[in-house]
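Take a look at the structure set out below.
Every chain is named by a letter (A, B, C and D) in the order it is written, and numbering of its residues begins at 1.
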Amino acid sequence: MTTTIDGPVREAVDRVRVQVAALHAQLVRYELVVWTAGNVSGRVPGSDLFVIKPSGVEYDELTPESMIVCTLDGEVVEGEHSPSSDTAAHAYVYRHMPEVGGVVHTHSTYACAWAARAEPVPCVLTAMADEFGGPIPVGPFALIGNDDIGIGIVETLKDSRSPAVLMQNHGVFSIGKDAKAAVKAAVMCEDVARSVHIARQGGELVPIPQDDIDRLYDRYQNVYGQR
Amino acid sequence: MTTTIDGPVREAVDRVRVQVAALHAQLVRYELVVWTAGNVSGRVPGSDLFVIKPSGVEYDELTPESMIVCTLDGEVVEGEHSPSSDTAAHAYVYRHMPEVGGVVHTHSTYACAWAARAEPVPCVLTAMADEFGGPIPVGPFALIGNDDIGIGIVETLKDSRSPAVLMQNHGVFSIGKDAKAAVKAAVMCEDVARSVHIARQGGELVPIPQDDIDRLYDRYQNVYGQR
Amino acid sequence: MTTTIDGPVREAVDRVRVQVAALHAQLVRYELVVWTAGNVSGRVPGSDLFVIKPSGVEYDELTPESMIVCTLDGEVVEGEHSPSSDTAAHAYVYRHMPEVGGVVHTHSTYACAWAARAEPVPCVLTAMADEFGGPIPVGPFALIGNDDIGIGIVETLKDSRSPAVLMQNHGVFSIGKDAKAAVKAAVMCEDVARSVHIARQGGELVPIPQDDIDRLYDRYQNVYGQR
Amino acid sequence: MTTTIDGPVREAVDRVRVQVAALHAQLVRYELVVWTAGNVSGRVPGSDLFVIKPSGVEYDELTPESMIVCTLDGEVVEGEHSPSSDTAAHAYVYRHMPEVGGVVHTHSTYACAWAARAEPVPCVLTAMADEFGGPIPVGPFALIGNDDIGIGIVETLKDSRSPAVLMQNHGVFSIGKDAKAAVKAAVMCEDVARSVHIARQGGELVPIPQDDIDRLYDRYQNVYGQR
């Protein structure tokens, strides 16, 4: 911890600490994670900081206070623990996708199954057209330890409407305008990965025509939910 | 909000608000929904109104007060939020099926899997004969935004004993004499969609002869449960 | 209600009411049932009575007081509700299998999948050898409304070590020395039906030699658990 | 109970009693066990003792006081109940693997599915490379009642980086530096057994090159988590 944060950034950091800590409960609730795998981060508005889960800490023990605050280079600014071992990937996304306010990583079961085959999830459900606007793409195999995972995420997502990418042989990274939107994308990714897997086990899928996918995606992104 | 509701309709609306809000918990309990997907509505007896979930609101936050009251044309009469984005489909069902008192929509996993193949669920379990009286039928692919989904639901269900329809590439709509019966049909639909999917993954299904299906359906609809 | 029960049978009935009501929670916990499907019964020691779930009542509402007491002919002796619609099958088992003190019926998912193919679950797990002593057998297709289901259960189980039978196109009936043992058999039946289904989806099963099955079954029935 | 334990060993035993009792809740939470199947044990540091679950007792009823303390030969030193019927296997592992401080046994579903085919789980996920360093191996078919299961566990694990072994037609045994680490291995074993099963149902798996598996394993064992 090398910096003192105060003023409006202090308040923003503390608000994001509360949000990010609480959102991890959604990963547990929707069974996207086991043990300490998986993590949520959120960019701190009006700053070059983000808040992320500590490494190797159990979900039941997460509190706003135990969250780690990092710079966009992944350097720890506040935190008693080490940050998530996936911090470099989150940081890379924040540096290269300024519109992204939240990042989530999971090893959710059905998404990992597609990832272990390096196969995109085809868009055959209207809910998937709504949320993903097409298939959920596959990113490259990349080892942890440098920027390879971050590069793979950004390179894959910049060519896709999808807010989630299946990193080959690894798991899901999802993004959103804030941490909650990224968690929603992670939840929906597993949900459609499961439904489409099961659908295809039973026979031929019926495709949705691309222009119908386009119409569904446009409407959902613009008119759904409370205004 | 353009009308003031009072007298006996006031009481009926408030009763249905309580029922519809509470029934959403069954969708969560039986894991028929994730995030804010899915919705329950109930017709208000003695009126041309129905009560439905607000759009994009989380299940944990639903209360009787947050429910939306609509006319049978889907116009909002009471409610601070927008109604479910599926309101037009619910309204169409209530206008064209006067015996229906409740409608449920979900994207439950196994039902969606059959829907993504546009394949009816064959009736190979006695519990399915009891509740559905035959296969669970598939309705047409239809985009949201006009009456196409409502038309597809009504056209499919009017030729079937089934209280549930798998809308192609979309999900389930179920109906009942009231909202609780429609929820039961949605729960049973996913249950049999799952059992029959798994059954067929293991080999050839044994059919139930049609006259036995007829006998089971007749008995269940007429003598089961508390009189 | 035509009889007054008192003395030691009164106490025994009340004890079994408590046990049978509580055991239904295990069906819910292990997800063997949805909505109001499934039922547990228990013979009242020292009498010609058994206690069973009321028909069509939700699991959350079951209390010792709402249980139904029946004669071994299935006639209601105590109870405000109708007894389970499966009461005749339970009664038939009690009349023809005097060693049986508990009966359970479910439509649990994986067991139903085998039942919809009329295929016994092969014994390829030591836990299955322990509890079932061989395959879980399939009983005949039978309609509700007379003794056909009861006859099918008894005829199938009398030639088997298994405490559970998969009734074709229907579901599971399990038995035990008391209601708790029958519930355990229903839980284990679904557990092994699931594991063996999944095993076979992945390739060839390795059989367990019959004499090893015999050794495992003998040991488990005689030495396992607290003496 | 033939010995009186006091002094620092008394404190160590009581500490391990608390840990082992509590860790069984993780088996329930991650649905690795049904009814009374499955068990956790932990070596008592500074002694030739270990603590294990009593046989045939339900998970909800486990307390630190109901745990059983055994010598490394599996003889009961403290305990009102019989020890787990798998005690001999745990004891054999402690005698022959001095670095092991915890052992877990489950019949978790997907692991049993691979075990029923005597097929190792291939290493196609980075999380699996991290934790298992390669495939999860299969141990021999062995009957309970002597040291055959223990021998099979030790012979299989000594040639593997994996902290878990799939005993053929039986289930999982996992090990760790303490009981918590062994529980983690059991949880991760089921998680990857499930993901890889589902992956392969959908088509060809993409292998991870062995040197990448080696790099991932090395990093995870040495730098992950809180220092």
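Assume a contact is a pair of C-beta atoms (placed from the backbone, for glycine too) under 8 Å apart; a residue touches a chain by one contact, two chains touch by 3 or more.
By chain, UniProt protein names: A, B, C, D = L-ribulose-5-phosphate 4-epimerase.
Given the structure is predicted, the values throughout are model-derived calculations rather than measurements.
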{"item": "Contact distance in steps, from subunit B to subunit C", "value": "1"}
{"item": "Copy pair subunit A, subunit B: interface residue numbering same or different (half cut)", "value": "different"}
{"item": "Centroid-based (C-alpha) most distant chain relative to subunit D", "value": "B"}
{"item": "Centre-of-Cα separation between subunit D and subunit B, whole angstrom", "value": "45"}
{"item": "Distance between the centres, which are taken as Cα means, of subunit D and subunit A, whole angstrom", "value": "32"}
{"item": "In subunit B, residues with contacts to at least two other chains", "value": "201"}
{"item": "Listing of all chain pairs that touch each other, if any do", "value": "A-B, A-D, B-C, C-D"}
{"item": "For the subunit D and subunit C complex, residues of the former touching the latter", "value": "34-37, 54-57, 81-82, 85, 107, 109-110, 112-119, 141, 143-145, 168-171, 197, 200-201"}
{"item": "Contact set on subunit C toward subunit D in their complex", "value": "30, 124-127, 184, 187-188, 191, 194-196, 198-199, 201-206, 208, 212, 215-216, 219, 223-227"}
